[in-house]
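In the two complexes that follow, chain A is the common piece, with chain B as its partner first and chain C second.
Moving on, here comes the complex of A and B:
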């Protein structure tokens, strides 16, 4: 039983199906350059939606998401460079390392109030960037670490990369959707509504927060691995704080309480950035302003309400009911579980 | 020993400036219960404002420029607080703690990109306060940094006087201790929020303007100082003014000794900030409330 059903069941899946078909057929109409734009857009969609799982469902804010992405990318890149590790194994190990790092940081910080995670991860991310930049003997620093392409140097077409990134995105979205709608997701929302009440009802608050943090960190690491083996060069600039800001803007402007909306936000913003190329640095100023205004005036983001309008539902009343009825529903669910 | 004393001196000098910036962050946190994730960007704005004031008005006293840039940034802070943070305290925002983290981070993202668009990625460096270096007997220190440090000390003393001796300061303390009780005795907590925020970001801006002649200003110049301030306020105990002064000096010393005694000196500079993260982790492990922290409801 789900407590936060935002759209009528069928309409939601029909829309997802249509979007998937469009994405599968899109390469027929796209030239190689736009194929590249979409590959990068799917990469950002993956980052934005996994960040939204942590922020929108668990209420925890990580400013180190790009650091986990970089751990995934650099692990695979460095293993390939020094030990000739095949890309897929490298991506797997990078994802694992991102998870282990997430477990360490989460175990240390998530016992405390949410702001500590934000404080610690922003510091961790900047320091990781400095280390990567500083240890240029190993990582090549600002010159860039060259990474083997996923499908070897003979494959010039971007098509296989397009479908790979799309597949990774769809699989991760399904995984996250399942997690968010499982008992874990329920507990997470209970924690977010009222941590003490959840703890009092027997929810192991820290365990579920750490679990979510590890899962989202691993997804960021996975995204970073595939990104590295597509873009074939990594520099410390991929984890500067404004990059993190961009991913957060995507998730918030899309709608942080819906994985799909955050992913759609990622795709739309990445493509708009390409469209608005002539505005150069002002593009990000526009999205910065949009981020602040969305936060202040449209906490559900801009994509979620749009979808709601199309389907003519008003799930807000259900989502934001007073605490008592919410608690009652959670009680039912906890008993079922 | 000579080397030790030299490192201690430079650490102390920098630590005092770090403390000034962290003090602003602490002031905001203790009154508004908000961690200002845009603190580094206010530091950056302070640097740019003093640069442009000195470029446009030739012959302007650099200390006046520092002060004016502080006031300009305080005004920006005041406007931001009024439109984006005050609604939080009026109950117009759902989940205020989450909103506070995101809105200040959003402001940081906006300001950093705005600076990049307006000023470009190239470094700007305002003229020195005093050129050359001063021989302190133990070690030679650049006159600019010494000036910045002495001025920071003066400002901190003034701030503590303001907090402890004036009506506004006492009202601020009252709000930080108990909002409702403060309101009962006729203090408007909303006004105190605005004052604290403007004052806090003004201090960050002054720190930025004071250090601008030593380290050039670029759009992301605020990242390292702000991260340092986060470590300092956790170390000092969230919301404690004496804690952040002590924490600032301690971090200054740690960075100085860490860089000075690092086996490979060129790397020592790279890892200077990383020592802060280690301290952060140690505080969380062994004394999560920091030096002077108190439990907050």
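Moving on, here comes the complex of A and C:
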């Protein structure tokens, strides 16, 4: 299968520019409630896309993304509560702590196969949740930790939060896109395909897996910091496994092997879940069915095939034809020879 | 390039896969390794290339002890390998498959330089027209050629080829023969593991026979062919059939 583009390469940047302009102008048409929905959607888009970098590019399946998000949020919240640390400094320190935790876990686990990471991060996430819940004297446990708003109590408008979350999302997407398209991204995809073969070709597999784990942990921590200072209350419930499942589902439904598709998946799923509230409990049934259907019939997610159509990359069906035709071509050539 | 294995031993549970193998591979040698199934051939390659750590013994490359180094560190020191079952990066294009080793072993090499080199290698191996295709769309034989092409991108001094002729069309086999002879003529050493007796006897200047993790014979193909121990342990199997 050859990758032929019907559109010039720059088309993707034009589309990204249009999407950004729409996002910048959206508040003009959105009520305060929907502004809130979009802020949360951007938060989930950040989590889904950074999880996609780890799982879709590097092939490392982690259940700890919400735990790193919580580390970022709780660090900043606790520093503000006990040391009057300014929110931005708190977010920075929370991001760093998430990165250090990621480095520790990655260094311990990532020299083993991917299943160890999944099991380890489930355990880590649950331990962290129980510690936050149990140490209620410090963390306020289930009662919730009050966190200072990012722009102070006098700012009531959601607009500054909307643009801040959007800016954080765009900057992180650009950073991750650059990483994914650098030689590091190339090595990560080789690792995803076959760790041993990548090592045999000279790739330091553990180093690049740990690097990616640290970067994505820091992005989750950063998202958690901004989330905490927007929502202004944190409870251990943000760490429960279904919350992590939601982030994974967003990335998979969007397209786990594309950062943009995963981010778009995060936004669409979050907005859809809000819209589906009218169906009450059935919204989760509809969401679950969508996930099952995506996994069964659209392994590349729902957004990725759409982007492939726009940019002219071949769908899978074409690929299958190409495989057989390529092998057939070889047979013909050999017979002629 | 000079590789020495000093009394290499490797056990898996109660099975002794390698039992004190001591060999020296000199510069520009073309060595074949044969042996019955389970003789320890692939374990030997895996141990030298860092995929297994030897339980005992040392590996010396150009005077440096490389025992226990990771596979990528071994590759950077000039030892390349293929796998018994082809392991190209299937969901990456042929060109991307070439860029991975090129950029992994040299931080200074630009993507453009690596692409130029890759196209020359692919052209020699008749794969250049497929450079933008995904590796999974190549036939089995073409994937074997791609793996051989990847090896050259790391500029190795010693190339381990594990069953390079297995399941390959005779025409592609000719290309692989050409590849081996051409690269060997550039001063590179080869260690080739194969069950394809005509090919391995035709190519090798030196033939090592492994049996039960030990070196049974190590000589020129003509002498090995007539060695009664080899006939009994390995070549004789076919006669009996």
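A few points about this structure:
The rule is short, and it goes like this: the second predicted complex is superposed on the first by the 302 of 337 C-alpha atoms of A that agree within 3 Å, B and C clash if a C-alpha of one lies under 4 Å from a C-alpha of the other, contacts with A are read in each partner's own complex, and residues count from 1 in each chain.
The rule is simple: a contact is a pair of C-beta atoms (placed from the backbone, for glycine too) under 8 Å apart; a residue touches a chain by one contact, two chains touch by 3 or more.
Quick caveat: nothing in here was measured; it's all calculated off a predicted structure.
Of the two partner chains placed by the overlay, neither chain B nor chain C lies in contact with A:26. In the overlay built on the shared chain, the residue A:196 is in contact with chain C alone; chain B does not reach it. In the superposition on chain A, A:127 makes contact with chain B only, not with chain C. By the touch criterion defined above, A:183 lies against chain C but remains apart from chain B after alignment on the C-alpha atoms of chain A. With both structures placed on the common chain, the touch criterion links A:204 to chain C but leaves chain B unconnected.
By the touch criterion defined above, A:276 lies against neither chain B nor chain C after alignment on the C-alpha atoms of chain A.
By the touch criterion defined above, A:299 lies against chain B but remains apart from chain C after alignment on the C-alpha atoms of chain A. When the shared chain is aligned, chain B comes close enough to touch A:115, but chain C does not.
Comparing chain B with chain C, the partner in contact with more residues of chain A is B. Once the two complexes are overlaid on chain A, none of the chain A residues touched by chain B in the first is touched by chain C in the second.
Contact residues on chain A toward chain B in their complex (touch as defined above): 55, 59, 61, 63, 108-109, 112-116, 118-120, 122-124, 126-127, 130-131, 133-134, 240-242, 245-246, 248-249, 252, 280-282, 284-285, 287-289, 291-292, 295-296, 299, 320.
On the side of chain A, the complex with chain C involves touching residues 1-3, 183, 186-187, 189-190, 193-194, 196-205, 319, 322-323, 326-327, 330, 333-334, 337. Across the complex, chain A is touched by residues 49-51, 70-72, 75-76, 80-81, 83, 87-93, 96, 99-101, 103-105, 111, 130, 132-134, 136-139, 141-142, 150, 153-154, 169, 171-172 of chain C.
Across the complex, chain B meets chain A through its residues 35, 37, 83-84, 87, 93-95, 97-99, 101-103, 105-114, 116-117, 220, 223-224, 227, 230-231, 234, 267, 270-271, 273-274, 276-277, 280-281, 284-285, 288.
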